[in-house]
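As written, the chains take the letters A, B, C and D, and residue 1 is the first residue of each chain.
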Amino acid sequence: MKTYHTLPIRIYTEDTDCYGIVYHSNYLNFAERARTEALRSIGGNLVSFQEKGMRLVIRSCVLNCLAPACLNDVLEVRTQFKKTGRVTLEVSQVIVREDQTIATLEVVLACINPLGKPTRLDAEFANILLTHFGES
Amino acid sequence: MKTYHTLPIRIYTEDTDCYGIVYHSNYLNFAERARTEALRSIGGNLVSFQEKGMRLVIRSCVLNCLAPACLNDVLEVRTQFKKTGRVTLEVSQVIVREDQTIATLEVVLACINPLGKPTRLDAEFANILLTHFGES
Amino acid sequence: MKTYHTLPIRIYTEDTDCYGIVYHSNYLNFAERARTEALRSIGGNLVSFQEKGMRLVIRSCVLNCLAPACLNDVLEVRTQFKKTGRVTLEVSQVIVREDQTIATLEVVLACINPLGKPTRLDAEFANILLTHFGES
Amino acid sequence: MKTYHTLPIRIYTEDTDCYGIVYHSNYLNFAERARTEALRSIGGNLVSFQEKGMRLVIRSCVLNCLAPACLNDVLEVRTQFKKTGRVTLEVSQVIVREDQTIATLEVVLACINPLGKPTRLDAEFANILLTHFGES
């Protein structure tokens, strides 16, 4: 059994390129919107994180593009939190259109302080994410 | 009495800049998302337009920025269609956060064919937009 | 006689949309790149501005789109500073491809402090911009 | 001995986010600008590719973010072509600021036709890329 957070994304003209498809770097933006909404759905948000001196930055991201998406499509971003370390959070994201996988992302986030140094991720928050949107 | 279409927009990290506010050109993107959703709400969409050989392009846009918006804000784009010509469509858009106006846009769209030449705007569609989301 | 700053801009896939042309909000980005380079060419830069507690924000922008631009085009942004007030700076920008005007922008910038309040524009800097890249 | 193509990239306000650093998805855009310029430097361009019925799309991309970049920085994108298959092209890209590595990308491109089907990559062109900007 799997649990994950879902966010629908409508494709607008701004997201497309001259080949008639979604420009690939937008998938990273869609994925961050989805992680942000997953966080919000459990009562967290990036501004309160910032107020506590934490921000989440991308340490690495593996993007696989499997099929093109087009203007007017509705995609769904499925976000699953995999595991947490002292400062890192690993996330698997799949972007689908109905039954077809459009793209997958494997993201490693790191928690840093305002000086840019790695800092301890709030363990309670990380556990709630894993409980709600983790593998089971 | 006024009628207009409304679209909520959440501000994500991608929308902000190093001054901590929404980067101004994003307001043009938000405005186009709102026009697209207004169109969809009356049964139209840009892909079916394209299939009929029409696309709407920006002829001009006046953007006024009145107050900054920030990460995590929820803005509302209010879209009102003002008048139509043979090939043009004039739209007033206001972006607000609760009671505060963040930005206003006055947009003139033109209908063009696949060769980029001005072409007659579908009058029936334009009238429906004005009826639903025009001044009254 | 006119003087202005010029910046060439190559059009990449990221700048285009599914209609095969440059997506309109990118012209605002290109225009800001050009203003930034005009500033740099006289020895200024946005980071040193920020260190002095000033930043330039867009108060208003009038964009006119006259002809489409496409992938691989080289555009030229011509930037002319028109006049300065105590806190504002007015700029006219024309984006051309060879002899053809692609877009024009009339931009009003305001100088603000870190609290977002209007603050006096550095008069010496503004005069140098007008001398180098103003009407004569 | 290594050979690679280099492209300088100036960081503008549009590239930054509210944490004061370059928003991560922009590195994918910078990387594509660099691949496009590497191609142009050997006499190729994406429009002539398109006219021959070919386009290069991203099949996968591994992004590692090692250090933040900021407003006004000048980055350098170093692009090295690694190997070609019948339809694929593998590219290693490193984004540096002076002696510091900001980000690395491992990109696999695929050549597709206007119907989106994989199509044979022009072998002559691929060999010229490898000769000029490949490992030696």
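FYI, a contact is a pair of C-beta atoms (placed from the backbone, for glycine too) under 8 Å apart; a residue touches a chain by one contact, two chains touch by 3 or more.
Nothing here was measured: the structure is a model prediction, and the numbers come from that model.
Across the two interfaces under comparison, B-C and C-D, the one joined by more C-beta contacts turns out to be B-C. Centre-to-centre separation between subunit B and subunit C, using Cα means, comes to 24 Å.
The distance from the centre of subunit B to the centre of subunit D, with each centre set as the mean of the Cα atoms, comes to 34 Å. As a whole-number value, the distance joining the C-alpha centres of subunit C and subunit D reads 28 Å. Multi-chain contact residues of subunit C (touching two or more other chains): 13-14, 19, 21, 25, 29, 70-71. In terms of which chains touch, the assembly is arranged so that all chains touch all other chains. Of all the residues in subunit B, the ones that touch subunit C in their complex are 19, 21, 24-26, 28-29, 32, 55, 57-65, 68, 116.
Taken in their complex, subunit D has these residues touching subunit B: 13-14, 16-21, 23, 25, 70-71. Touching subunit C in their complex are the following residues of subunit D: 10, 12-14, 29, 32-33, 36-37, 45-47, 50, 70-72.
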